[in-house]
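You will see two complexes here that share subunit A, one where it goes with subunit B and one where it goes with subunit C.
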Partner chain A sequence: MNKQEGSSVVSLRNQNGLPLLEVTDLHKYFRVRSSGGLFGKKNNLKAVDGVSFSVSRGETLGIVGESGSGKSTIARLLLKIDNPTSGVIKFNGRKLSGLLPVELRKLRQHMQYVFQDPLGALDPRMKIIDQVTEPLIIHNIASKSECHDKAAELLRSIDLKDHTFYRYPHELSGGQRQRVVLARALIMEPQLLVCDEPTSALDVSIQAQVINLLARLRERMGLTMIFISHDLNIVRHICERVSVMYLGKVVEQAQIDLLFNSPAHPYTQALLSAIPIPEPGLNRQRIFLKSDPPSPIDLPSGCRFHTRCHRAKPGCAERIPELKSLKNGQLVACHLAHGEI
Partner chain B sequence: MTDKLEVELTHSEEKPQENFQIRIHRFFGRYPPIVIIAALWLLFMIFVAVFATLISPYDFTSIDLRTRLQAPVWMEGGDWNHLFGTDDLGRDVLSRLIFSIRMSLLIAFLGTVIGAILGTALGFLAAHFRGWVDDVVMAGIDFQASLPFFIISLTLLAFFGNNLVLFIGLMGIYGWERYARITRGLTLSAITHGYAIAVNTLGATPIRVYLRHILPNISSALIVNMTLNFPGTVILESSLSFLGIGVQPPLTSLGNMLGFGRDYLTTAWWITVFPGVAIFLATLSMSILGDWVRDRLDPTLM
Partner chain C sequence: MNEKLTESVIKSQRAPLLQISDLTIDFNTPTGWIRCLHGVGFEVYPGEILGLVGESGCGKSITSMAVMKLLDPRARIGGNVRYKNQDLLTLDENGLTKMRGRDIAMIFQDPVSSLNPVHTIGRQVVESIIYNSAIPFLNNKVMGKKKTEMVKKHQRVTVQAARIEAERLLNRVGIPETKQCLKQYPHELSGGMNQRVMIAMALAGRPQLLIADEPTTALDVTIQAQILELIRSLRNEMEMSIILITHDLSVVAETCDSMAVMYCGLIIEKGTVEGIFADPHHPYTRGLLASLPRIDRQIDMLLPVEGSVPAPHEMPRGCAFEPRCNVALNVCKIRQPAPTTESHGRSISCFNPQYGGFQV
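Up next is the complex of A and B:
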């Protein structure tokens, strides 16, 4: 790392007042052909529709929701893999949208992405050690041998044996691969780590291993994390705050204990009721959601959840609920929770 | 490709308990005899081309009018001085054949490499920029694919006069559109793949993503296309030289030999048959090898 770069990192870290990441009114629409064929009509798929949140330094924010709720899209927008349709993402107080490609590449060393599918995320034709070393070489941090030593040290610290260094990704097990992906993301000592369902492609036994590793590394490196998952147990284990998403909107956002103890949104209640209780004989009241989520192209009027809500009232289909704070600081977007209907 | 071969070689070494017959059988299953023969023939031709000056008995331009149209050694009138006989100017056919192989292979290799680089680069550009760049490249591909390239080459060579650089350049342009199409298609699917996105989020420049990551991953398809394109280039070169607008005397190439031997086809067949057989065997060997390489590099055909 050259001097100038080093000092700028320090200065970034000193602005402790600011949240590390600030997202305001983020929208991402995809143009899709709804009816098939060559001449089908194109419609907007609202993958992310007006999402705002902020993450302060050292915090871990969980984003949960079923598939299609837009959580992975948010991850891609945060890392600028895709460009948002509208909305502002500020990282360290800097807008991501106006950056020149050179500036963006420089900034990328401070924000890293951990992929859902570790095999797909690794170059099939490159040795493990080279893949982990690559970020250092890209950002011209150190000489080749120093890079190699640093990568080897990091890999050893996450329990990868030396003989795996010169293997190719397909020769490793799923858990080993995900650790390699983690090592590659962490070797630059980023400030923000976005994990997009990092354990969903893994066996349950290995999931725990990876999650514990993540928690350990977070402590050691003071990482700020965004943890995307559909597994509420894992989220509860690792996150401090959670956003619950439904069809591109945040329906509830709260501290982890508040959310798990007193879920305010009917959707959150339904999700939580699906978590099995590890005690025989003890059953909670399961809330079963009706049918599948509606199409994100043809969204329901009013509250998007009213078609499946077990507490829906006629007024829910008329007005769109806003994400507002309850007395205890929990943010909820539901007319019932706010006593509006 | 070499990785795979090495892996499999080490595997077979790890099982010494298998008996000899099974191993022979497996070896030929993996490397069919015809493929081995084709590869050996190509190696032989490359050897001949590289060491042409050392192994040719005569200078390929030296004229000896006293021994005009002498037959090969095994025919009446032939002798050991001229193994494959002589042509109408008394030049040694074997020596000319050796130098023709050198020239034809050189042109075909250079042409193939130029075409591969040009096509791959344009394919990457199209896939990276999309939009109008993509449109222009795709239009170029369609143009190239629908042009009668042989006639274009004839016209260009006739207009701009014949020189070796232009000729090799033309050979390079031949077939670029297939590389471009393959590269564009595979790159478009690769850049949505995890590994390309991952390297991108690490902060790599697009050039690094394309050359260090995507190129190695799509190289098998490009190598296969090279082996399929090579025979086409050899034949194009031969045809143009046969018509007298390719390689010009005093240089010689296989097609050029065919063209000049044409008048003596009934009386001195050896002038044309040897280069003809050389063209045939070279293109056939390359095609056989190319088919085999394609099968080997395609995991779905294993």
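Up next is the complex of A and C:
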């Protein structure tokens, strides 16, 4: 298992065993100045504060949470675009932190990402087909004509017609561009695909095209995916398990149906109740969160959610709740859910 | 259901507050004039929330800006916009100034860039109250520089009163520490708080029509739910009409009474929210609704609308939706369908509208 890095084994979906990705006690603190301008005190902004999770082969894990809760930071740490303050990330059983540059470059072939902005991810002066073959050529994987054939095949398989191959990014629609970004990520036959808000720049009618495509490719290539999104409608559609984040911490993690049918954390409950449903006259019971999100450099004591929680008890401001399992396997960090208060 | 019936009866007896017909907008671009709005028409009745939905670039914002005459002056506007009995498109600048804010107020797409970053929230809210106040000589724009002692004194009094009113408004939109908020700058507040401030400022003139352009798009869903609830309750309390611009059909389903669906600078279907969600007739509306993933049920496969929106300069000769339509007829390629009127205020622009059998 150890010497796998170089091989391009792709379809590992049912080959369970050790998880493909394992994250333990991940922290990322940023040093930032508090409001007082140039002379303001420097503070720690705890963007990711003790996050652990693992993803098995072939699984899709969703990460949801408020803006600023640390989702993109986690994505950047996983892809080693940024280094953690502390904590361990293991990919295929190997720690990312100990890798030599050569090993890291190899590893990068197996971890690809798709970010929100499809234009930013593409080189405006490069034809579509060249954008897609470029990673193959960089990694010196095949001859030029082989690369071209492979890219063309992939592009066709995601419904891009041959006449688009020789266009430039600005000559494509948003949905087409996002498909090119996907093709660029998938041409390396990665084992892990990290998607950070891959459809939020897209229109609804186009978004469904991209979501369907992702689902199809996942089946075909046995992809393992981390799917970051603030749109829980999409997350429900595409993920098998979800982590819900609030201010740098995972507050709940569960299988998708469990989470949507019996959310256990008050934040998850409020979040689910706030999502609009395309059906008039439902008259749903809404849970409105109190006040505003707290400042990330001046975090509330105890449970970070207590300032906005509709079920908070006095004790919640004192002790930090641990992320622990309920009887049904759902992980929750809430005193109330565990009957501790 | 009963409630809805009486509502539509009342509606048919009342005159619309705002009536837009044949609205066209052309922009002068380096490659010549381009038409971006192709004859849009809809009505807003007193006390109703109308949802204007459609994908990016279909013309939602320019439609609303044409109503307020806030478009780029190089744009060419045609058609009719009637507010009560006035034709807004022929109103002079003086008349418009009087009307903006006091009759029709607007909340723009991006709250942060619509607030002035160098002034406190207090100053901005107070200014909008004074600007919209019924006492014309206190309006700086009209007054100019000639300020007599009396006016100055009067203004001090009014500023006091405006401050009190500002606090009341901020309170009403759900800002907890109003006194502190008045002293703060926009960047010190969260997106949701800034959006509340924008709403407070829009309410300062007690408008009868509020146009809210994507008021929640930049916000978290938990905050979005709060803001939409606020907008609904304000409507009930102040009997305002509201045009809610959004690309989110779910928001329309939960917030609006009636809706108009736009595609490529045209309204392709309009009617009551209940009616359209129960049985959408236009193939595009059907496609949009079928492509939505939703949290309340498990769907095996989304049904996307294949293809993409044509660019303004590549508009098809016939129906704008024809290249993506799966029930298109031969005529669709050749002619543009005109809006038809059906019962219950429904109107569709399509040669082959679909009836019944729609399930998501």
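The criterion applied here is as follows: the second predicted complex is superposed on the first by the 320 of 341 C-alpha atoms of A that agree within 3 Å, B and C clash if a C-alpha of one lies under 4 Å from a C-alpha of the other, contacts with A are read in each partner's own complex, and residues count from 1 in each chain.
The definition used in the following text is that contacts are C-beta pairs under 8 Å (C-beta built on N, C-alpha and C of every residue); 3 or more make two chains touch, one makes a residue touch a chain.
Predicted model, so just to flag it, every value in this text is computed and none were measured.
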item	value
Subunit C versus subunit B on the shared subunit A, clash or fit after superposition	fit
Subunit B versus subunit C as contact partner of A:N212, first or second or both or neither	second
First (subunit B), second (subunit C), both or neither touched by A:F115	first
Touching partner for A:P293 - first (subunit B), second (subunit C), both, neither	second
Winner by number of subunit A residues touched, once subunit B and subunit C are compared	C
Touched partner set for A:I81, first subunit B, second subunit C, both or neither	first
Angle at the Cα centre of subunit A, taken between the Cα centres of subunit B and subunit C once the superposition is applied, in steps of 10 degrees	80
Touching partner for A:H338 - first (subunit B), second (subunit C), both, neither	neither
First (subunit B), second (subunit C), both or neither touched by A:R167	neither
First (subunit B), second (subunit C), both or neither touched by A:E279	second
Touching partner for A:K106 - first (subunit B), second (subunit C), both, neither	first
First, second, both or neither for A:K150, with subunit B first and subunit C second	neither
Distance of closest approach, subunit C and subunit B, by C-alpha atoms in Å	10
Residues on subunit A engaged by subunit B in the complex (per definition of touch)	79, 81, 104-109, 112-113, 115, 117, 119-126, 134-135, 138-139, 181, 184, 188
List of subunit C residues in touch with subunit A within their complex	55-56, 176, 188, 190-193, 220-226, 228-229, 247-251, 253-254, 273-274, 277, 287-289, 291-296, 298-299, 301-306, 308-309, 360
Contacting residues of subunit A [partner subunit C, same complex]	35, 66-67, 173-176, 203-209, 211-212, 230, 232-234, 236-238, 257, 260, 270-282, 286, 288-289, 291-293
Sites on subunit B touched by subunit A in the complex	193-195, 197-205, 208, 213, 216-217
